[in-house]
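Same chain, two partners: subunit A is paired with subunit B first, then with subunit C.
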Partner chain A sequence: MHQSILVFRNYLYLKWALLVVAVAIGLYVLHDPAYGVANGGTWLGYGLGTIGALLIVWLMWFGIRKRRYGAASLSVEDWLSAHVYLGLALIFVATLHTGFQFGWNVHTLAYALMIFVIGSGVFGLVAYLRVPDLMTRNRGGATLDQILQDIAELDAQCRDMAMSLGDKINQIVLHAAEDTVIGGSFRQQLSGRDADCPTIAANRQLQDLAASASTAQSENLRGLIALMARKEELVRRARRDVRYKALLDVWLYIHVPISFALLAALATHIVAVFFYW
Partner chain B sequence: MGEHFKVAIVGSGPGGLSAAGHAAVTGVSHVLLEQTDHLSDTIYKYQKGKLVMATPDILPLRSDMSFAMGIREDILQTWDDEAAKHVVNVRYKAEVTAISGSKGDFTLTLGNGDTLTCEFVIFAIGLQGNLRKMGVEGEDREWIQYQLDDPDEYADETIVVVGAGDAAIENAVALSKQNNVVIVNRRDEFARAKQGNNSLITAAIEKGELECLYSASPLRVEDDGIILKTPQGETKVACNRVIARLGAIPPRKFVESCGIEFPSDDPAALPELSGEYESNVPGLYIIGALAGYPLIKQAMNQGYEVVEYIQGNHVKPADEPLLEEKFRNLPGNPPVDEVIAHIQDSVPLLAGLTTLQLREFLIDSDVHTPTKGDIVFERNDYTNSFFSIVDGGVDIQVNPDDPSVTVGLGQGAFFGEMGLLSGRRRTATVLASQPSLLIETPRRTMIKLINSVEAVKRVMDEVAVGRQIQTYIAPGIPMEELEELIHAVQVEEFDQGDVLFREGDAGDCLYLIQRGSVTVSREIGGKESVISYVAAGNYVGEMALISNAPRSATIKAAVPVEALRLDGEKFQQLMERNPSVRELMEEKYRGRMLENIESTKQPQAGGIIQFLVEQGLGEATDVLLIDEALCVRCDNCEKACAETHFGQSRLNREAGPTYESIHVPTSCRHCEHPHCMVDCPPDALRRNPNGEVYVSDSCIGCGNCERNCPYGVIHMAAPQPKKPGLLQWLLFGRGPGPGQPDAEWLAAHGKGGAKKAVKCDMCKDIEGGASCVRACPTGAALRVNPSEFFKIVSQGR
Partner chain C sequence: MEAVVTYLTRLSRGGVSRKPEELEAETLRFGRATNAEVYLADPRVRLEHAVIHHRPGGLFVEAEEDADIRVNGISVPARAVDAGDVIGIGPYDVTVVEAPEGKDVAIDVELVRPLGDDYEALAARSVTNLADRGVSKRAWSWGWALAIIALFLVAPIVFFIQHEEPKPRSEIAFRLDQSWDSGTISTAHRFISMQCNVCHEEAFVQVKDEACFSCHEKITHHFDPQAPELAEVGLYQDAAASACQSCHKEHNGDAAISIMQDSFCADCHADIEAAAPDTNLLNASNFEEEHPEFRPVVMLDPLAQQSKRISLNEPEKLVERSGLRFPHDVHLKKDGIRGPKGREELVCESCHVSEPSGASFFPIEMEAQCERCHQLKFEPRRPDRVLPHGQVDNAQLLIREFYSDFALRGGVSDAGGREELISRRRPGSEPVRQEVVKANPKEWAEQQARKVADQAFGRTMCGTCHEVMTGEGAGPLNWSVVPASVSNRWLPGGRYDHKSHFEIVACENCHAADKSHLATDVLLPKIEICQDCHSGENAADKVPSNCVTCHDYHLDGEPMMKPVAAAAWTGPDMPAGQRDAEYGTGDNGS
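Right, the complex of A and B next:
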C-alpha cells in the first residue's frame, strides 16, 4: 500500500548519504597527507572526525525527537529514514577518519562501539522490515489478548471434558492448564519455544493413552485431544507472537545503551586527542 | 343575565393562570374558568413526582406566579397558594361550551347553562383535551391508551410506549421500573425531547432498563400485540398494553365554533394570531399551546403580556433583550419587531413559523451582514450550518475551476442545505454579491425545525432536489430545463445492506445519492465481489441508461442511504436535449467501464473494500488505518496522541479488526453524520471547517456521545496535569515518561474526578497535522478519506 522507510521519499536520504560517502571517499583518495600516512591528525582527518562526531550526536538526537510529540518540523518517518542511511554512511566517514590505524586504545574503543551500535541498528532495520508482516500473518487478524483468551477458554473446556476421564487424565489436563507458560524468560521469549511445554507434553501423552486404550475409552479421549491440539496450535502461535515482539524490541536494549557508551568513549577520545596534541 | 367581567380567561393552565394572576394583581376585573375542580389540569395529570423542567433556560420568566424547575406537587402547591394570595377569581367545574358576541361584548355559555359576559376573552385551553391517536387499524382497543396518570399502577406487564417526546420518555422510564418496556421511536434520535429527558432515556437504554426500537412506526394493532414497521421489515411485538404519547392536536371543532379560523386543513395547524396573540376575532386572544407555545415558561410569559396588551400597554416580549443583542449590528438599528416582520416577509421558508417559533429560531441563530465580495463559506469547508437570505443576495461559484462562473441567489432564498443533508463538505464557495443580511442557523436547530415543521422539510427537500441535480448531474443547465425531471424525482430511503438495484435488472432510473454511501459489486467467478464505493453527491445507474443494456452491477447501501430516484425516460430526454449532460454521462460511463475491467484484474481489492465498508467506513470522512506490514508495534502513535492531548490517548492501536495487512484501529472516523452529535445536551460536539469532529469546552460529561458512538472511540476522562519536560525525564527521571500516565496523579484523582468526553480531534490545533501519523517511525499509520482510498485500492495499490 505504501512504502518502507528505505524507499521513503524516493530514496531521498539514501541520496544524501551517498553524497556524504562519495565526498568522503573522494577527498580521501585525493588527499596527500604529510609523511604519506593517513591519520586523524591531518586536516582531512579532523574534518572527517568533526563530521563523524556531529553525525553521532545528531543520530542520537533521534531518541529525543521521537519523543517530542506534536513538533511541527519533519515527521518521525523522515527522521528514521535519514537516521538509517546517515547511520550507515557513518561507517565510511569514521573508518576514513581513522586512516585505518587501529590499536588497543580508547580511540579504537570508540570506533568499535560505533560499529557495534551500527550493527545492532542493522539488525533492528532487518527486523523492522521483515517481522511486521510475519507477525500479522501469524496473528491471523486476532490480537495477542484474544489468542490468550481463546487459550483460557480451551483450558476450561478441556478441564470440563476431563472430569469424567479419571485422575491421570485430569492430572495431565490440569498441569497443561496451570503450568503452560507463554513468554517467560528472555531466552524463552526470543526462541519462541518451550522444550518442557506441558501443553505439548499433554497432547503427546493423551495421544499415547488413546492408542493404548480400549475403543470405548479412546472414543472419549478423542474430543479432548482435538481441544488440546487446538490449544497447542494457539500456544505455538502466541509464542511466535511473543518472539516476534521480542525481535522487534531486543536490539534496542543493545543499540541504545551502547550508543551512550559510544558517546562517553567519543568524548574521551576527543579530550584525549586535544590533551595530548 | 350572568355576571360581567372585563376579561374572561378560559383554562387555568400555566398561561391562563399567569394571565389571571396578573389581572388580579393589576386590579382588572376577571374570571378564570376551569372545567375540572383543580387548577392547571395538564400539569395535575403529569406523572406523580414528575420533575417539571423550566426550559428554555435562556428565556427569563415574566409573571406574577412563580415557576422554576421542580417537582409537580411543589409547583401545583405554589400556584394554589399564590392564586389565593393574589385573590384570583377562579370558577371551577366551569366548562365553556360556546362563545358568541364580539369585542367589548362577548357572551360565554357554560356547561351548566349559566352565561356570563365580558369585554375580552383569553383562550388558554391548551391541547391536552384532544390527544393525537396512532392513526392505524385497531388504535381504539381497550388496552391502548393515550395518557398515563400513575405509572405505579402497572406491574409485570410488557408495555409498548409509542412516541419520542417528553411524555413518552417519562412514561417509558417510569414504567420500566416494574414492567418490561419497549419504546418505539419513529426517528433515529430523540431530537424533539428536552435535553434532560434525552439524557434520561439514553441512559436507561444504555443500562438495558428498557428497549428502544429506532426508525420504527406502528402499522396495526392485533389481538395480542402491535405490528411495527422497522428498518428490518415488519416486526410484531407481543404486549399487554400500548401507551401512545403522540401529543395533542387542537380541539378544532370547538375553536372554529367560536369563529376562529385555521390557516389550513392540516390537523396540527394552529390558528393565526397577531403579534399580540389576538385571533381573527377581535378581542379574543389565544395563548399557550393552542397558540403554538407549548412550554410552560412561554405560556406564563404570554399570560402576563396578554393582560398588558388588553390594557393597552404594548410591552415587549420577554426574550426581547436577547434578540436586541443579536440585531445590535444591523444598519439603522431597527426595532426587533420590525426585523422579525421583515424576516417573515422576505424568507418564504420561515413564513410558516409562528412568531414565537421564529423568535426561538433566531435566538439560536447568528445574524451576519456581509458586504459585496465577503466570503460566507468556502468550497470544501466542513461547516454544516444553514443560511437564509433576508436582504441582498449571494453568488455561488458553481465551477470550482473557474470562480467567475456563478449562480446568484436573492432575497428570500436559502443555501447550505446540501451540507446539512449529505453531511459532507461544502460543494461550492458562496460570496455576498451585495451588502446583505444573512441568518446562519446551527445544524441542530435546523434539524429540530425540519423535524417539527413539516412545511420546512417539504420546501427544503424540493429545493435541494433541484440543486443537487444541477450540481452533480447537469451543471450549467437552467432550472426550467430540469423542471420535468425534478418533478418526477422520488426520494427513496434504504437501510444498510438494502439493494438499490441488481446486476442484470432492467435499467429504468438513475440514483443520486443524497445521504450515506453505496457499494458497487459484480458477480466475478460466481462470487459477488465489491468493485467500488460511491459516496454521497455521486450517482449510480447511468450505465444502463446510456447503453440501454441491463444493469452491469449491483448497488447496495453501505450505511443508511437517502437517494433521489431520477426517472430513466425523462433523463434520457434531458440528455437528448442537452449534449453537455450526455457528454458528462458518457465520460462517467467510460470511467466506470475502465473501473469494471480493472476490478476483474484486482480481485483482492474488492475484499478490502468490502472489509472496510463492514467496519463502517462508508460513513467516515477521515479514518486512521495501519499497514500492518510496516507497523513495528512500537505504540508511538498512541504515545503521541496521549502526549498531545492531556495524557489521554484517543486511539487504541491494537484493538480493531485486520484484513490482509490493513488494520482499522479503534479511532474516530469523523462520520458524515456523527452519531456522537445526536444527543449532546450542550451541543458540545462540533465540526470544524476542515472536517474534524471535536468536543468543545462546553462538554458537561453526560456520556451520551460515548454511548452513541457505534465505534467505541469516545471515552470519559479527566485531563492529567502537565508533565515535566522531556529532557528532565531523560536526564533526571522526573515525572512519567512519554506516553505513560501519571500514576501518582491517577491514584489521587483517577476515580470520581470531573470527567469530560475525550475523542480524536485530528490534532486540529497542532501545526503539521495528526500526531499519530507524524509520530509513526515507519509510515505505517495513515489517515485517509475513504472515497479517495477506495479509488486507490480499486486501481490496484
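Right, the complex of A and C next:
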C-alpha cells in the first residue's frame, strides 16, 4: 500500500467525492429553508441525511467486500480509493445534514461517532502512507523474526563471554537474556519502549562495572559490553518494528468497533426521528 | 580424597552417555570457575557455588556464600550427605553414589534443566501483534452497538409505551427518551417540553394539527378556504390543506417557530392575480422593491358608514368624511391658541394620548380632549350650565326644561322684558314670520328654548366641530349632527408601533398636521417615508423588514383553522364565507 491509493485512476474517486461535496454545499447555500432554520428536517435535510446514511452503509460494506477476493468487477484498490474519498466527503454531507445544530442527544451522538470513525480512518490512511517506508528502513532488509533470532544468538554469545566473569555480571547477562521482552501490552507495542528493559539496564550496569573494574577484568567486560550494545540496538529496532506494525493496526481497533456503534446510533437516530415525527 | 565424577548426558536417541573422571583433591568444589574440581558451565551456576568435604564421619556438602543448594529438593546451607542423596546446584543434579573400591567419593553430575532455546523463549515472551493482546474488534463492535441500541433505542421506546398518558411535568423527573430530543423547545412551548406525548401522540405519526388546536383553538385562516373563487386555485388548496407543521417547526430552540421569510408570502403575493384572479390586492414581494403605496380605508359617507381603500397616490380622492370639522393647523399654531386660562401652546400629545403599550392612542373624546376649551354653554346668564355632548335630542329637551324651570322661578323678568320678538319657523316652510308674544312664563320658556335649540344655534354651536345636517327628517327640529366616524385605523391590515418610533422621529416627520386645515385630510405618510429607514428583509443599510414585521398570517375575521378546512371542502358551490367589510377579500391593508 502506498501513494497510489490517493492518485488511483488519476484521482477518479477524488473527483467523485468533490462532486458530491460541491453539490451538497451548493444546495445548502441555495437552499432557503421555509421556516428559517436549516436542519435535518427540511427537504434538503432529509435528502442529505438519506445520502449520508447510504454512504455509511456502503462504506461499511467495504469491510465485507475486501474479504471477497476477485469476486466483483471493481478491484479492491477501486474500493479502497473510493472508501477513502467518499468517507471524507461524508463529513460534508453529514455536517450539512445537521444544519450545524448539535446537542446532547442520540442524533449528535451518531454524528460524533461518525467523526470519530472518519478521524481514525484518516489516521489509518496517514499510517498506511508513511509507516511502511519507515518500517522497511528500520528493518534493514530483515524480518522481525530474523531480528529476534539475531538477538537470541547475541544472548548466547553474551552468556558464553560472561561465563568466566563474576556472578553479578552473569546475573545481569542472564536477566537480560531471559527477561527482555519485545512488544507486550497495547501501550508497550505502540510506544516502542520498555522502561524496565533488562537489556538496556544490563548495558548501563556493565558499563558502570567496567569503569570500576581492574584492567584485566575490563578487557573481558569490554567484549561483553560490545555484544550487549549490539543487542540493545537490535532490541530497539525490533521494538520500533512492533511499534510501526501497531500503528498500522491500532486505528482499526477504533475504526471497526466505532463503525458498528455508529451503525447502531444511525439506526436509532432514524427510528427516533420518525418515532417522534 | 579420591573421587570419581561422572558426567551424564541424555542422548536424544535414548540412553545415557557417561563420562567418568577421576581426580584427587582436598575438597570437591562446584562452580563456573575454571579452577573448580567440578566445572559447571552454566550461567545459573555461581563461580563458586558449593563444596563437598570428606570428613571422618562421611561426606558433607556446603553452599558457598550467597549461593543456594538443595539436598533432596530441600534448600539447605549445609548438610551431611550419603549415597543416594541428590544435591541440586543450579540446573544440575549431583547424585551421591556408592564409591567404588579405593575411592572416597563418587558422584554423578547431570544437567537436568538445560537453558532453553533463546530464540523460542524470546519469541514466546514477546507479544509483537496487537491482535495477540486478546482485544477483539468483533467483541467491541457488538458491545458498542448493543449498548447504544439498549440505551438509546429500546429504553426510550419502553418509556414511551409506559407513559402513554401525558403527565404533568412535575411528575416526570427524568425521561428515558430525552436522548431523542433533537433541539430545545421554543420558549412559548417550553412548559410542555417534558411531556413529549402532548404533541407526539402516536408513534411514527407526524404531529397532528389537533394537538396544536387543543391549545390554539381560535387560530384563524389567512383566507376563507371555502370561498368558491379560490377553490380552483392550487396554491390555496395547498395552503388550506397543509398542516400546522408545514409552517411551524419546533425543536429549533429560540429560532423563530414561525415563517419569517418574504419568499413564503411572495409565493402568492408577488403575482397575486394569478393566485386570486378577483382580488383587489396589489402585488407585493419586498418592502422596498415591490410594495404598493399605502391605501388607507377612507370614510366616504359617515351616514351610510361607507368606506373605501384609496391610494395615497390619488390625493384628489383622499377626502375623509368623518363628520367632523377640525383644523389641525389652528390648534398647533406656534404662538399658541386661546385657552380657558389665556394663551397656551398645544402639541400633538396634548390631545393624542398614548395607550399604555404605546403602540397606538386612545380615541379622541370630547370630554377628555375638547371640552376644556369648547364648553357647550347656551345661556350667558348661567355659564355653569352646559349641554350633554353627543345627545342632540336630550340636549334639546334639556334646554326646554332649563327655560321652563327658569321661567317658573321668576326668570321671565330677569330676562329683561315681558315681550319678546320671536323668530318662528314652521316645519318645512320659509319665510320666517316674526311676532310679538305676550310674556307668559310658559310661552316665554318655550320661546327661549326654541330660540336656543334652533338650527342656527346648531350650526354655530355644534357646527363648530361637527357637520350639521339640515332638512326634512333630520331630527325633530329638522337638523341634527352627523355622527362622528373618526377612523381608528386607516391601515387595519398593518401593524405599527408608534412607541418604537417616538424616540427616533418626531410626529411631524410622518404626519403633516401643522399644515392641515381640514379634517378631511388623511394625515398618513407615503410609503417612501417608511422606506427612508426600512427596506426588504435582506437590507444591509436600512432596517431589514419583512412581511410579518407589519402583517399577520392568521387574520382576524377569517374562518377558524379548526376544523381543518381542507377536510370540509366541498368545492366551488359552497357559499362565500362572510368577510369583515374592512378587509375586503382578505386584504391585508397594504
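The definition used in the following text is that the second predicted complex is superposed on the first by the 273 of 277 C-alpha atoms of A that agree within 3 Å, B and C clash if a C-alpha of one lies under 4 Å from a C-alpha of the other, contacts with A are read in each partner's own complex, and residues count from 1 in each chain.
The definition used in the following text is that a contact is a pair of C-beta atoms (placed from the backbone, for glycine too) under 8 Å apart; a residue touches a chain by one contact, two chains touch by 3 or more.
Note that the coordinates shown come from a computational prediction; the quantities given were computed from them, not determined experimentally.
Peer 1: In this superposed model, does subunit C or subunit B come into contact with more residues of subunit A?
Peer 2: Comparing subunit B with subunit C, the partner touching more subunit A residues is C.
Peer 1: Considering only the touch criterion stated at the top, classify A:253 as touching first (subunit B), second (subunit C), both, or neither.
Peer 2: second
Peer 1: If you stack the two complexes on chain A, which partner ends up touching A:132: first (subunit B), second (subunit C), both, or neither?
Peer 2: first
Peer 1: Touch check for A:103: first (subunit B), second (subunit C), both, or neither?
Peer 2: second
Peer 1: Check the residue A:226 against both partner chains and state whether it touches subunit B (first), subunit C (second), both, or neither.
Peer 2: neither
Peer 1: Of the partners subunit B and subunit C, which touch A:54 in the superposed model: first, second, both, neither?
Peer 2: neither
Peer 1: A:76 in the overlay: touching subunit B, subunit C, both, or neither? Say first, second, both or neither.
Peer 2: In the superposition, A:76 contacts subunit B only.
Peer 1: Once the shared chain is lined up, is A:112 touching subunit B (first), subunit C (second), both, or neither of them?
Peer 2: Touch status of A:112: no partner.
Peer 1: Looking at A:67 after the superposition, I want to know if it touches subunit B, subunit C, both of them or none. Which is it: first, second, both, neither?
Peer 2: first
Peer 1: A:245 contacts which: subunit B (first), subunit C (second), both, neither?
Peer 2: In the superposition, A:245 touches subunit B and subunit C alike.
Peer 1: What is the shared patch of subunit A, the residues that subunit B and subunit C both contact?
Peer 2: On subunit A, the residues that contact subunit B in one structure and subunit C in the other are 144-145, 245.
Peer 1: Note which residues of subunit A are touching subunit C in the complex, please.
Peer 2: Those in contact with subunit C are residues 32, 34-37, 39-41, 101, 103-107, 109, 144-145, 148-149, 151-153, 155-156, 159, 162-164, 166-167, 170, 173-174, 177-186, 189, 238, 241-242, 245-246, 249-250, 252-253, 256-261, 263-265, 267-268, 271-277.
Peer 1: So in the complex, the part of subunit C that touches subunit A is made up of which residues?
Peer 2: 32-34, 41, 43-44, 46-47, 66, 115, 117-119, 121-123, 125-131, 133, 135, 137, 140-149, 152-153, 156-157, 160, 177-184, 196, 200, 203-207, 246-249, 252, 255-261, 263-264
Peer 1: What residues of subunit A sit close enough to touch subunit B in their complex?
Peer 2: 1-5, 8, 64, 66-73, 75-77, 79-80, 127-128, 131-133, 135-136, 139, 141, 143-145, 245, 248
Peer 1: If you look only at subunit B, which of its residues touch subunit A in the complex?
Peer 2: Subunit B reaches subunit A through residues 627-634, 636, 639-640, 643-644, 654-655, 657-659, 661-663, 726-727, 730, 738, 763, 766-768, 771, 773-780, 782, 797.
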